[in-house]
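Scrolling down, you'll hit the structures one after another.
You will see chain A twice below: alongside chain B first, and alongside chain C after that.
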Partner chain A sequence: MITKAIHSLALPRPRLIATLLIINGLAYISYGYSSYEYVGDPINILNLLSGFDVDEVLIVDLSASSSHQLNIRLLSKLRAVADFPLAYAGGIKSAIHADCIMQLGFDKIFLAACNPSLPTLLKQISECYGIQALGLSVDYAIDNNKRYIYNPYIRRNSQLSLSSFLGSLQVNLLSDLLFSCVDRAGHKTGLDLSILQEDYICVIDNPILLSGGLHSQGSQLLKNVNQLYPGVAGFVASSSIFLQSGSSSALVCLERHF
Partner chain B sequence: MASYPSVGIVSVGMGNISAIEGALRRLCIQSSRVHTSDDLLAITHLIIPGVGAMGAFMSRLKYNNLYYSLRSFAGHGKILGICLGFQSLYSYSHEGQCDCLDLLEGEVKPIKEFTKISTNIGYLEISERDRVPPLVNQIIPLKPLLTENVCMIGRRYRPEYYFTHSYFVPVGKSTTHTAQLDPELCITAASSNGVNIYGTQFHPELSHAIGRTLISQFISK
Partner chain C sequence: MDESDPQIVFFEDGSCSHCRHAIKYASSASSTRYSLNQIVSWIKDLASTSNHSKYDCIVGLSGGVDSTWLLHLLDQTDLRIFVHHVDTGWNTPKAVSNIYRICNKLGQDLHTHVLDWNLFRQIQQAYFYLGVINQDVPQDIAIFSSQIIACKENGIICLASGANNTTESILPGAWGHHWHDVANLRKIFQQFWHKSLQDFPYADYSDLAAYRLNYYEQLNIRTLNVLDLIKYSKSSAIQILKDSYRYEEYPHKHGESSWTLYYQAIYLPSVYGIDKRKAHLSNLIVNHDITRDVALEKLSQPTLSQNTKLELANLVALKLGIPLDHALEPGKYIIPCSHLSFSRTKELIDSYTSLYYQSPVSERAKIFLEYIASYQSL
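== the complex of A and B ==
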């Protein structure tokens, strides 16, 4: 109880972060990283999100991850319509890519845990933009009650356990750590909150973000997030969560897609 | 020098300049980018943007011959430093162990040396410090412009500002507003020399309507 009270008094409240998943310049939602559903034009959706209780938006460009080409034109348009923090993930393979994104006015870059150049990139980007501008997205899947790093390129678990990965990671070079449970993504079955009890998570001082399985409880989710999940820095959910829980008439045409 | 407000944003290859330009566009305010000392001649208001590491930022300022020009501009122009730009107004930063612009007295220190967290990211309310100069009060709004009887739903109209930083400025002589980072650590949220130099640790350009109000009030001064 005391911890809860201190948390609510002093620390920043948990952030609600919407993910905008982009494939070939269009917005999608994903189901377990295996199937995708088209939801609309990303600029329109970002405009709608700006009218909701969204603290930040994480733009994930899946096509940039596979093609290694950044959609600069779209990203600059997205930056122009958002008056809240924007983070980006997808296709960051070098410090030059990171430079391009930051020059567009983005506030943070998320690197992928399976990025082969991760140690080098962490050092280069944090030296130039500071650790607050750098986050790490860790996709994991659960197998026999153990969590393993998930490799989206081969669409299966790597042999690397989450605890081993975090043990070798230089967490002092980055800020947000985003843990995405692949098994729960898009299924709205609830967050994998048990990860917070793991020893290898408890020793990390970085802001912890959870993703995968967040389900809308209407306005209650948005209003009472502090009480529902004390001790977590933020939650990442598909943009559809926010759009579906809204009641504005402006959403009527969009809700057909969800 | 121009007699009307003319806004420039320091551009040395880092910082979220586009986000600030976007906020200014929403306020129907035109701005230009300041790459060299000559660009300073045409402006009355200067914004030093955030997002970056101090060592790299100060190196780039010096490389672009802007270091002494900015100090000189502070003698007559109005300056708003945001996040990294705010920290650069102080004398010294432990990030990159470098001297800064020395327009305000104080040092920039790492958060992790004073508390358990290493980075502060999120929305925080700020508090006014005692005896804030009236001019500063007019620039940094604590309350949203919209009154409570106007039916607006959502966090964006709450008096919260977006912070993202791993270094901070301890409360000092120039501090005008503070934020409580954790029960033990109170940091400088905003500061001023009381005349023409203002700085905010938070990002007004990312703090929705109340943030834009701050920018608007800075420009109108």
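== the complex of A and C ==
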């Protein structure tokens, strides 16, 4: 806890990270990982984000996850239009894939918790590019007040609890840990802040990012969150929610309050 | 204005056909201004004929000054407004920010229609490389047909528009092409891609034509160009929007759309030698907003700085998937080509439009039907 207190003092504010969800080369919003709404051309959305106070953008290519083929052409265009740090997730099955992404000029790679080659990849990528270039995306769902790793292939919880997963994870091989609450994704019902009070989270020294449920009404809480929850390094919001509605945007509201 | 409009006519006193038209319009318009209350009353009367709608009118919001000011004005009344936005994939960060800020402060929900980008990109590639003069036709057709469909789906009778002649009455016909010429668009697409265009536009041509002619009985949607009906000062509007919503002014006209800015500031000067600022500034001179000397000084400056030009061309190249050189200096790679090369629809639209307006109201339904039948047979 002492380490985290120092960490929070070093950070003037939590990072704000926008996600850009890509399916077949176009941008979408996910609702609970079960339905998706088309929101337009990812190149222009990335260009729009340059006008906001976003610290990083995480590009998640769902098509690459299912096809195991990286959309290099699109990713190089996205890199060319973005003037902020870019992270990537989706379809990283080997060190060669990771190398392709880093060669394009991306700053970080997020591996998925359900990646079958996770232990090997963590070691290979962190050795090659350093732990600051590697994050882990942990999708979880809540069942009977317990959190379980979410398996996107079967679209429901695995039998593996979040605490067991983290207990076996070599967290010293990576930097950011991104916790995404599947049930709240796209629904703007508020972040799952109670996860921060779990013992298995409190013992982690890695920067923690929270995703799923961010909404403008919670911005006052978020403004003070690094005092209330020193372990939180940042928040991840859907990049496109502010395009869809004038009255319930999280992203633009956060820009003002920080 | 100058000879870059091939149809311009100069008179002995030094004035030109455009200025005379604009001055005549301004003097006739100034005698027929209405109060906002009167406008609201008309809208409510129209809305009362639709018994199932939750809304009295639709307002298309682009993030530009005109539409933002219109929403500001109408929100001060008790009208129930459907705020509609079409995302063509070219919104600028400032436009998105301006749209968010006014909708958020007024508590208005924004209804956004996002175009199918893969299809729209193909249409724009065809327009770009075939070198036609009005590169905004695809955007305009998409935006207006989307508005029409939103009206029909929500039982809205009144379309309150921010379009106005106060700032746009000077625009040479030779610099453009009918925005609603769907047949021409289809031919251009087919010529370039060697396949027919599917799923575009979203509204029938008869609805677009009725909208263009304001043929209410056919469309069952009445368009009110509100800013032409009331007293409207753009500079005052901008100041109030800045104070009320932290509205950010655009450094260039049409700065809410990267594509329109590119088309007017890079494509038209490079391919056609046309500087649209001449028309915009002439309008401001006629309205006594600026002097001729100020306008000439502005014209002597480049439209965009080198950095802005490069950034804009880079964005266009990335989005359309074309080489940066082509986007940066299109005049070197593109041969100008008339819209008429693809279809002869312009003459038909022109002749039926004048026939429609010159005919007694009782004959207009018949003329409209003939017009649509002739158009669709081409």
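Everything below uses one rule, namely that the second predicted complex is superposed on the first by the 214 of 258 C-alpha atoms of A that agree within 3 Å, B and C clash if a C-alpha of one lies under 4 Å from a C-alpha of the other, contacts with A are read in each partner's own complex, and residues count from 1 in each chain.
By definition in this document, contacts are C-beta pairs under 8 Å (C-beta built on N, C-alpha and C of every residue); 3 or more make two chains touch, one makes a residue touch a chain.
Every value quoted in this text rests on a predicted model; they were computed, and no experiment measured them.
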| said: For A:Gly167, using the defined touch cut-off, is the partner it touches chain B, chain C, both, or neither? Pick first, second, both or neither. | reply: neither
| said: Touch test for A:Gly25: chain B only (first), chain C only (second), both, or neither? | reply: second
| note | Comparing chain B and chain C in the superposed model, the one touching more of chain A is B
| request: Determine, under the contact definition given at the top, whether A:Pro119 touches first (chain B), second (chain C), both, or neither. | output: neither
| query | In the superposed arrangement, does A:Asn47 touch chain B (first), chain C (second), both or neither? | reply | second
| request: Would you check which partner chain A:Ala80 touches, where first means chain B only, second means chain C only, and both and neither mean what they say? | output: both
| request: Once the structures are superposed on A, label A:Lys108 by its partner contacts, choosing first (chain B), second (chain C), both or neither. | output: first
| request: Identify the partner contact of A:Val39: answer first if only chain B is touched, second if only chain C is, both if each is, neither if none is. | output: second
| message | Let me check the overlay on chain A: which residues of chain A are in contact with chain B and also with chain C? | response | 51-52, 80-81
| said: Could you list, by residue number, the parts of chain A that touch chain B in their complex? | reply: 6, 9-15, 51-53, 55, 76, 79-86, 99, 102-108, 126-133, 172, 175-176, 205-207, 233-234
| message | If we count contacts the way the header does, which residues on chain C are in touch with chain A in the complex? | response | 83, 87, 89-94, 96-97, 99-104, 107-110, 112, 114-118, 121, 258, 314-315, 318-319
| note | So, in the complex, the side of chain A touching chain C is made of residues 25-26, 38-41, 43-44, 47-52, 77, 80-81, 242-247, 249, 252-253
| query | Touching chain A in the complex: which residues of chain B? | reply | 13-14, 16-23, 25-26, 51-56, 84, 95, 112, 116-124, 154-156, 162-166, 180-183, 203, 205-206, 208-209, 211-212
